[in-house]
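Below you'll find the structure I mean.
The first chain written gets the first letter, and so on, giving A, B and C; residue counts start at 1 in each chain.
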């Protein structure tokens, strides 16, 4: 078990190391977050709409669109010099490879998410007085569910001629539960509602995240092998 | 099932299906009484949900056969999945067209974010993804596998989507929707007609499924003759 | 006494195309097989199957007598692969690349193993150089170091001389010669008739997915090999 986790961590660590050196995906996602905030500002008449009331929608839509930008490139690295061949030739179980990629992506997207909260909080004067722990749990579970699905699909995108342009078409319908439960939970927490009202949402987000991480781990081998 | 048996089965099911359909339409238009609250338009109740039932049955087949195909590698399972997907998508499209038509009359608007309609729209896109992904690879075997992965993910996600959409809707009961669930003055004959509707659609679906599946089998045999090999190795991994 | 490496009826198809169409051979431990062949003959596909990168459509591989089990990935410990691509991460240093792959292969003594391996290949002073700053020749050396890090019994090389200048070529040739230590079984794919012949024990020509012949290279000189090659390419079996 320990050896297995070590393999998962080896993959995640390598991805994060490379990302740290190039900052390619983080820059793209970060710039996206800020610019979308900018555009949202121009697209809302704050005399009519209170951003505080739709904080959930603003934040989650940004996380999903921006996240897809970054997630789509998950396997780009491995393509360049054929590193995927090297990995497939190694004894690493393919589900460990998947989980390592998911872990790396989760960290990256979490960084972007923090940025989104900070930027949107600043741009739209969002006030939050609810339970931070619960908010973190909601966001973490939602992001995990998102990452587990998109990592699997980005492997498909890499292996096929469809490229990343098809990813939204594939992924968006499947993300509806994350959007539904994530945004309503976020909105409720921002509105200062008690934590207990968010319990059901947390459970559903957890179910989604667990189900698709497990399913992804099993299905990944059918996608990554040629 | 041999060719002869298949043709016989398709013929029987098809005839039964068409016959039941005719009976159904007679019942819908002439036999069953008009429901007092909604009037004439309520008659679509016998046809519309039946189409939905097939749409979801289709995806259930896709999901099960996809999982089995990945596990066992038998090409016939993929054929069954794709057949289910084609039929399912056709019925989903029918539902998405007839739904708004009914909605225009019953609700006053073309579109409502009513749980079933919403779910159907999402399902339509999942079907679309299934077909797009199958065609997106240079290697057709890989395309089948990718499609199967979408099938499995889809069938796992659809219940969650359904629950989430229904839950969200319950938070905002906006328009007074005269949906198929709302209290109707049910005459026992309506229940019968509804049942006949389900039966008719199921029979038609079954015969279409079998016919298409058999044709897919012929296509496969032709491919073999052209030198394209049969089942991939067992995918147990 | 089991063979070092054995291929039994290997077939790999992509849709309608049979890239590898029934290849079988047996190598004693310590032997080196060179495979020649025109582009598109399926040599890379063959090597990828031998290394476990790709699954055969049918047939199987045996490494040191044990079957290359489809389910368990353990046997891959015994195989190392060098491609004409470097298989490295260009943004990471040599040491970081080796560290990553060492971990993938479950090696625990990397702190000593990596410096030793680098020293044996003259790369010690460049340990911290990012791979993208290396010349093609140096990259290939690192690629070989990566392949040998886990001390595999079987080494597969796919056109390793590609893009190397004469000096780098000579260095590589020396490295390959040192592989012939009686322990390691090697399969080398190359276009370079001279270099391919001089290190080999056995020689095969692959055309359209099949081996036309497997010849003992003791009895073969360069002219003979050329004749064999051209005959095979012009008249595929």
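The definition used in the following text is that a contact is a pair of C-beta atoms (placed from the backbone, for glycine too) under 8 Å apart; a residue touches a chain by one contact, two chains touch by 3 or more.
As the structure is a prediction and not an experimental result, all values here were calculated from the model.
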item	value
Between B-C and A-B, the pair joined by more C-beta contacts	A-B
Most widely separated chain from chain B, with each centre as the mean of CA atoms	C
Whole-Å gap between the CA centroids of chain A and chain C	39
Chain centre separation in whole Å, for chain B relative to chain A (CA means)	32
Between chain C and chain B, distance of the C-alpha-averaged centres to the nearest whole Å	50
Residue list for chain B, restricted to those that touch at least two other chains	138-139, 237
Numbers and ranges of chain C residues touching at least 2 other chains	55
Junction residues of chain A - those touching two or more other chains	226
Of chain A, residues touching chain C in the complex	3, 6-7, 10, 14, 17-18, 21-22, 77, 80-83, 85-93, 225-226
Chain A to chain B touching residues, read off their complex	94, 149, 152, 156, 159-162, 166, 169-170, 172-174, 176-177, 180-181, 184, 204, 207-208, 211-212, 215, 219, 221-223, 226
Residue numbers on chain C that touch chain A, as the complex places them	48, 51-55, 73-77, 79-81, 83, 85-92, 96, 100-101, 103-106, 146
Touching residues (chain side chain C, partner chain B) in the complex	13-16, 18, 55-58, 70-71
Of all residues in chain B, those that touch chain C in their complex	138-141, 223, 226-229, 232-233, 236-237
